[in-house]
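Sharing a structure below in structure tokens format, with a few things to ask.
Letters A, B, C and D mark the chains as written, and numbering starts fresh at 1 in each.
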């Protein structure tokens, strides 16, 4: 019987996951003669033993397709896993031992874990428990220290910029302030990168708590020059400095989660201080779906190939990473040690300020 | 001195307005030797005498650009126009006489009024008062009886379909119900057309008050076949039949206006009845901005050319209209007599049902 | 056993064919409980008895996918069909009797033939021989008299306009004449529609043999106004009036077919008369591939639904057609009687001239 | 009078040049109070003293626009510059002294030279002659050693991948070999990167002379697996090993230059060896025009900002470069020392082979 390896995709989906899966299947099959087991819905599939055989025929046309054919799950943490008891109650349990048993039954040469910092930290714990896992860094937030780019980030940026291009003409025709809320709870890479690329006038990100008066001044300065519209990009995790208008946050958490909130809060704050007409657009899931851009398709393919090689070389506990245009191996430790955040005084933030973008502080 | 004509764009902006302006300027200038006066911000510019000279150099590269270079205004109705008094109060006045005086000063061969049913009805009243106006039908809602297609509609549909393509992969990967709220307060053309083109599973429009139980049944049927995600397109004006879950609407009107409401209301209703995970995306202004699709650029150009010819022929009180792929003249009366709504038993709705789309009733 | 119907796609592929197939399968299955047999590679599959069972699972995600999942064939004409003899020679034979036998074996309620005027005329002959066929009009050329729009045309126009948008900036930066060769051997709909939508400066189509001196004059006039670049769209079937520079055509026919020729010929003629720098781009197959635009996806769906209903109603020998935004039935006779060509004096051509486009005569 | 700096764009245009210009103008104006002189048509404008004043109003909406508002020129080399003599003859002269004089008249704090290796090497020579120049690396070929990415490359890759997505469905429907010829005379970065991202089956680049028999074997292997179509990406500079089918090149050089040739030559070679149907598409200028992708807009902005800072710091003879996601300064020497070529044994080429792409050797 042929040797085999496995692959799972954890956390939220993003463009490029299918490209990783495809590259893993093709390289394993063509170069090593390995079969590939797809684990459904992240670590949940390891617990539930939900698998699908993957061969080259299954991955045709997959490179251009968004999402993940393996599915994802909210039950992402195998060390704190919700189990429904016979009486209907849900208990949080550590199911890692069961997962290790199931892994042993699969008898894999190695398991490729595609995910962000959460998924990767669970992978690391399994490696410490003896599992043969390697990783591929994926998150649209691009906030993993180990790699220059994570799969999915660049597509999110392209989607945001395309949306702002569309919104700009309306903002201008109607002389409005247009607030575009983008993803980024902790890291502002999407917001800042897209803001620079789209020519936004104000960009607010989690790393730089914003002074609402500076933001309003930016609008006034533009109006003073006869320009009566402005584009604001705000990351969902951006907050005002000192929380001075935090009182504007109303409603329950679920609703906030569903519709965002940072953009709406900012809109309320601006309207409390000015007469400008304000509109808010929450891009939400548009940023994480759909066909990946070429950059992410290429990166996904190279990551997938590298992940197979990490298994072939027995480099468990390592992840594929992009280092100055070359894919290299880094340790999972390094990948999850700390979030890569925007440096408010770094080159990108300074470039943004240099072209006149108000960062709110 | 050369003879001259004028043009204004009223109501909300939409893709293709600049294409109309460009065609008017080129045809007037090249074929008739007429100058063209652009009136800023719709009828407001006629009241304020805010004009801009338009010549062929000004319209270079304009065809592909969204929005309207002439601007638009909230003070759209010259027969009920908000005037700020010296004491700060705002009074609603009929300023049509002043506008007719200003028009007389301009001494135009004719004025082209680009707009939806509101703008067109004001134009009709001015024509009845002796003004030399002709019209071009524009609205992303496509709800003007006089014409097969209004400028802007097809671009809105393309934007919605592209967005649904992106959202579908996420809905599928995460096994969610994804609600996409689109424009359409009274007419469901965007929602139904985009729903058919995007392969949505449920489409809810103003013309068909929806039965929430039928909607939920559609999800159950899909799950029963092992398909654990669904795409819903809901027009902003869609309402439940009998208003049975209208109680879910909270918050003040302004907020509703800013973030939509139909989608959120539906999400609440679904979550009150099922365990499915639901997410809502409000496309909002994305639908009315940005570069027009080829269809709208072509249509805009042909409308602009026809409008100039209506003036040349003295056909005031007429609008350019598309009739089976040919541009013809119709009376403004005909254009505004009644809204063109989706026929719940018509061919398009039947086609939607035929491919399995649940229309909610 | 369930009743069943069949479907085949003939002629060149184009965006939207898969949308027709999907709609047919869904409507037949959901509304009538019919099975659907897909015939592979047009009429060839009827001769070879190459079939595939189509059910709703097979058509998931098909709406957005270009091409045809059923394949197409060069052996398109069953009344003059190339058969390879045992000695290797190829003989052209009438295989219609064999096809009628195979059809009888299939025992279909009806067969849906999706194609252009060639495919439709073969369908008509089979109907006259007693076969139960109905049609769906498809051709990127939009040259079928029976319908306002054929499936695939609008996508081709969108692709051309997007390409011209890209090419325009280079033409302008480098002060060049840029010739874009587009499809259209007999009908100039793609060229003229895309030319109007893209703001081209010269558009040359088969219906209007062009005077090279007029074309060159157009460049001179632009240069005289200080504009040192021009965009030319030329249909592959456009020819010079009187054939005065036909001598410029060199090389064998195969090469011409592969790389086009109309654009290159025009480039040679311009360079023989001026010092302007000229570049040619042949868009070729880009125009007929890839994801269909929303317009074609909607149209494909409505056509597919109507085709099933034509079978249900026993209206054999009819095709689905778009008539002022409503899908109706027309006879195949009407569909193939004559090509729908651009009227050089019609409204679209006049609109093109009105905005300054040189049509070459 | 305000101090001022200058900027010129040399060589072929590419997406992102306008973004560099915009960033330079905004940063110079906002941060230093400097005026900016735009030099028209590369070094030609310095010779002809063709300048345009650039201020923030001039660069509005420029970020998303392809090409270069400053124009480009074929008279790119000031050290071997074609001068038309009074008698009509053209003489090649060194006009560097005149250019240095004109530069002295301009009295700039520094001149930003945006270009590829040619433009940069002229800049270096002027710096050696005492001119205050700094550089920004731009070329769609991405073949400058000094930087991870040049402006314009990623957009070219995105355009190629989008085109291949479109062409793939036709190749598949018609069971054809589809050859896509892309840019790259010396470096195969566009071809290889796009090939990996698009899932091409064969990729041929200048760095790896191809063995036609290996290429044909790749098609046979695919057909042997029942897959009857293939996508080939070939760089314009790719050549067969040993030149065994070079005889297939016909026609004069001008024609080759205009329509490419590598793709056609390959098509002839395949058709001489197989019965497969082959089609060739030459993407040509599509790759260097149109709106830049977000990646290039961001990069262009950061490069423009850095270039202004290089002048402020007096770092003449340096270029802005991307080094692991951060913009740094490198010497012009380093930028032009040697072309950055694809390493046939490097990680990217190995990744391509790992997913089954035939590289021809």
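Note that in this section a residue touches a chain if its C-beta (ideal position, glycine included) is under 8 Å from a C-beta of that chain, and two chains touch if they have at least 3 such contacts.
Keep in mind the model is a prediction, meaning the values are calculated, not measured.
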Touching chain C and also chain D, the following chains: none
Contact distance in steps, from chain A to chain C: 2
Centroid-based (C-alpha) most distant chain relative to chain B: D
Centroid distance [mean C-alpha coordinates] between chain C and chain B, Å: 31
Interchain centroid distance [CA atoms averaged], chain A/chain B, Å: 35
Whole-Å gap separating chain B and chain D, where each centre is the average of the chain's CA atoms: 42
Residues of chain D whose C-beta touches two or more other chains: 165, 291
Complex contacts: residues of chain D adjacent to chain C: 12-13, 15, 17, 65-68, 71-72, 74, 159, 163, 165-175, 178, 250-251, 255, 258-259, 264, 267, 277-282, 284-286, 288-291
Partner chain D, residues of chain A touching it in the complex: 22-23, 26-27, 30-31, 63-64, 148, 154, 157-158, 160-162, 165, 193-194, 196-199, 291, 293-295, 297-298, 301-302, 304-306, 308, 323-327, 346-348, 350-351, 354-356
